[in-house]
């Protein structure tokens, strides 16, 4: 239930982020017992690189606290969509915070907004939509994969945000978003292999007063076809962009400063000794600097945004 | 004649870079007199933002010297392809140093190489090819625009590098590079609106022992078609890439450091005065930093490279 | 589920976004006499009143006045239909185009129409499509150009002679675009990707209490946060600033409901910290709540209206009972508004915040020292700066302190694309600086 | 104009590039018994002798030896024709593919072929295409996958079982790719775009005299510069380094003509500066020409051969007469080679250089102070570092000195693209650091 609003203490059933290090964190469910593969109820023990955690012990603990592991410690954090995106079980490729932030901003999602999303995928983006539109808006999210839709529905319930979302198992490219949603949406988001097929449905689903549209596509050809379709239907402000976030890894670098002046002096025994000394007691200079990691995300997808202007007749 | 090799003094007829500032430099010809529009021979006076230069005065001066202008001064530099690219008369869109460097590297151009280039354009890239392949290689450069071919030919002569280049006025997409060049080239470079049409000609022109190929295209569709054609003809190691250079503008930034601790003390007259003082003698911290200019080149072109393996029959 | 809404209508007092092709401008529609200036065109706005937002208007030349830089044309605006907006290309029905530009010699004499002729055409009230048609007719080279080159030419001309404007309701997205394009300094260099990430990483939403310190972004930061807090929710924002008056233009332009506006408490950093540290007594001494700052002096807005309607945005006490008890001894006239605001802010400060966002022009260390203790554990913090070296230092300080975990120093590349048939490529210019974000989570 | 050249042939002593699909490796073909290791495959190289460069060979399993990490297979190589290299996809003739992946449940049991079965197939000497065919036959999900997904699967499998290698002649381009991919530290983090720009900005070509100081790039920097200087030209390179012996692997691998090799003079920085400052006398005292450096200790090459054939690369005096005169009093045995090199270098230092390239692991200031005066006026200088702060400082120092103009501090983004029908996008991973270049031109 830990996704509804900021809270101070871990309650039973919360998803909790067990933060070990920048590169190691886990989302765990704060339940004292779990059912194993044999169907037996056993104590919930979570294994990490720093040893095991008896999950029962963290219930009632304040978020932000340090908890002891059998071979070290970790911090327990309340999950945010950002932390969830880094720890969630991948059922599909997911979209990450930099792209998502741009999507939320460009779709102008705020409390009260009605948003349509397809596909639901692993629910990474859905959690951001829900944070942005609750408690007065609603998310309609569609996936053509039945198991994924079911998993997402279950997850939203366990995360305490089910009131603000309806999950549909439906092939929107062929069947559209259902007539009930015609003219209801402030924003439509598509992450589909053939977004162009769903554009006419998005057109229908957006409010008569207009709305915003976004399609996320890994390949440029998908964006090209999507834009052709958008143009045909009268969308404007069509913009395609990419956001690439770089980590700046902060570190202190130590550089030797070499002395070449002493070479101008004849190498008598004294100067030789002095030179030796210069070499051994080499001066160094320290720099606080940062650089990108050796490998960066080079591409996630092209984001295509568009506006449906108000009062376009929808035949 | 100043492009053949490093030289120390300005001779009559040299192209000279008049360097005023990072954002202001000019390529001028070191001739004492020029012919004006009326056909009269007049002294060569060059106008700059810092006043005029009597060009006759710089003949015989050492490169790297400071020369006086009527309202200031400038430095005279021997032209390099890098400086020339920044000052040359644009007859077409040109390619700049970061892309060119990658082209030279990937085409493995070194002294002795036989290189084919199309189109010649403003000759920006040609000067780099010529630097890299002279004095033992040869550049064959083609342009379908007769005036441009003539201008380039004249320029190479005046720059002292005509011995290493042949300029052709020819539509290579339709007519190819001429049978005489079949199997003669180590590398072929294309900057054409339809590079795919010239790929079969490049194939023929490359040596039987193989060679390297590059096409520069602003639009991705050109690269797509070019790659299809390359694949069909048996080229391999096909790679497409972009190089974007960023300037890091170095500057010192001064930041105020504010004191908030004094707010914890009751505001008696003394502390008020002390606080005043704190405010006026505000501490500052200086940072030597650098940042990109507000606007950067976001795209120049896609570079597509490929290898023609040895011994591919050319039927 | 929401029912079909009617489109809101343009009212006097509204901030409006005027759009002419890709150019957009934020303008206050203060009175019926208000005019807006777009380059050499002056627009009389009165006919906008009560028209729906999103409408397109035709600029109709009323008179031409001599101006400093050539003639300034005064226009009235006439509401027009969507169908009037056809592609100029279609109108002209251009078909013949050369295969490439090998036969074109640019001798500067391709256009036989003289500038005087063109001015004449404009004053006669010709449509842009008519003017462009004439230009094409009188161009010696147009029909020899490639299709690509023709299109470029037409777009350039259309931009110059385009006679339609659209009126839109300001949103965070539209305003940030305007400010950043006009002068990124107006928003302290916070680019769209960066603002979007500040909103994400701070976790600001309809629940919780948020703390912001910023040195002046024309109100875009508090506006974006309050926008994310939403109407009819329980979220609150304490907005600390270094000056006499907060920069609030963007907040005013959003035209938020009063109850929402009231959940943004804007206070001077020094003043509120003094009250927070020393309690009520402190106030009797320091009357003006200010430590003057540079930001005040260099007011960046040309048409700034931050102080024009303070009534609408100045928060009114939300819990009157508590306020009355606390400020009982203040005298009949009641305490000054800033004083009440300080009190509301200190109450929220004592309760603790659900995240902290800093966008200071000053060195962040001392500000972090003062504000970080006000943030609850397991809550996000976000520090923005355009100076990487500064945040590297802050990164190290926070890391050493052990008070914040999950520290990341990030920046972004934002690349826009031209996607057109056979002419797809990244835009040839891109913005060079996203600024830097330092993010992390507080620990207990 | 060059006439048709015959393709060069593989000789004993050559460095060769072994390529297996996208994987490349630099290897010395030292003797007929030399073997090369590619992961779990060991290749006997003897059949390469006298075959033309560019040829493709088939790996034929000879025996399987138990190794530390599973079986190590020993292969002989058989020259094969181009036609043997058909696309696996074509061979298999896959046609039916699902429209999307909605029906696929990944339960880890899609492949019914056991690892033992696959090992058996390999040892039986089956072609990769045969093995992949079997894998496809025994996959329960393959035919339900999308074409895209099928292709990905095939590529992955083909990569694993691909049985052909191509032998290529080392070039700067191929070697830099290998070093940078293996460990960018091997070339001090100099990425391909950065190296290409060092060559451009330094202006190195067939004419002139060039000065390089580098702290160890496996010879890629001096090799790239000498490569640009060319065979049969008059250009010269003085290559200063901080260690006992220069890292020269790349230079050796290029197999340049002797006359060209001799135009690269490699000297120790300290030793040559002492001679330069103090003249001939200095040498009698400091016998080992070295100031030991870390670079020596942490020799990065696994199969380093920098010292293996020093005869081939150690420069021989080019102007014997001058050398004889100068080194006349050196005794019958003649002066040590390093001593002659120092003398040749100091002669070039006295004449002045046509550009300066620095790629130091040390702080560049003192090195610039020592070497900048050796550069003629109006000549380019290029300083490389992976530390931006360092070059910011150097930028300011040079700017203040007034000795260098046209200063620029630059870095690069390098983005590679996947261009395939309907699947075109930038590669999902990119290299994060180009390093920084500080460039400018000397003044008189």
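By written order: A, B, C and D. Residues from 1 in each chain.
We take it that contacts are C-beta pairs under 8 Å (C-beta built on N, C-alpha and C of every residue); 3 or more make two chains touch, one makes a residue touch a chain.
Everything quoted here is computed from the prediction, not taken from an experiment.
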Can you list every chain in contact with both subunit C and subunit D? A, B
Counting C-beta pairs in contact, which comes out ahead: B-D or A-D? B-D
With chain centres taken as the means of their Cα atoms, state the distance from subunit A to subunit B in Å. 41
Provide the C-alpha centroid distance between subunit A and subunit C, rounded to the nearest whole angstrom. 26
Considering subunit B alone, which of its residues make contact with at least two other chains? 220, 242, 246, 288-289, 302
Sites on subunit C at which at least two other chains make contact: 388-389, 413, 415-416, 424
Graph of touching chains, which shape: line, ring, star, complete, other? ring
Full enumeration of touching chain pairs: A-C, A-D, B-C, B-D
Under the stated contact criterion, what part of subunit B meets subunit D in this complex? 4-6, 8, 19, 22, 62-66, 75-78, 80-83, 97-98, 100-102, 104-106, 108, 110-112, 114, 128, 131-132, 134-136, 138, 183-184, 207-210, 220, 223-224, 227-228, 239-250, 288-290, 302, 304, 309-312
Subunit C partner contacts - residues on subunit B that touch it in the complex: 144-145, 147, 193, 218-221, 242, 246, 253, 255-261, 263-264, 266-267, 272, 279, 285, 287-289, 291-302
Could you please specify the touching residues of subunit D with respect to subunit A in the complex? 100, 102, 105, 184, 242, 269-270, 273-274, 277-278, 281-282, 285-286, 291, 361-363, 365-367, 369-370, 386-390, 415-416, 422-433
Given the complex with subunit B, which residues does subunit D contribute to the contact? 1-2, 4-7, 52-54, 82, 171-173, 192-193, 195-197, 199-201, 203, 205-208, 227-233, 354, 376-380, 388-389, 392-393, 395-396, 405-417, 419, 421, 424, 436, 441-444
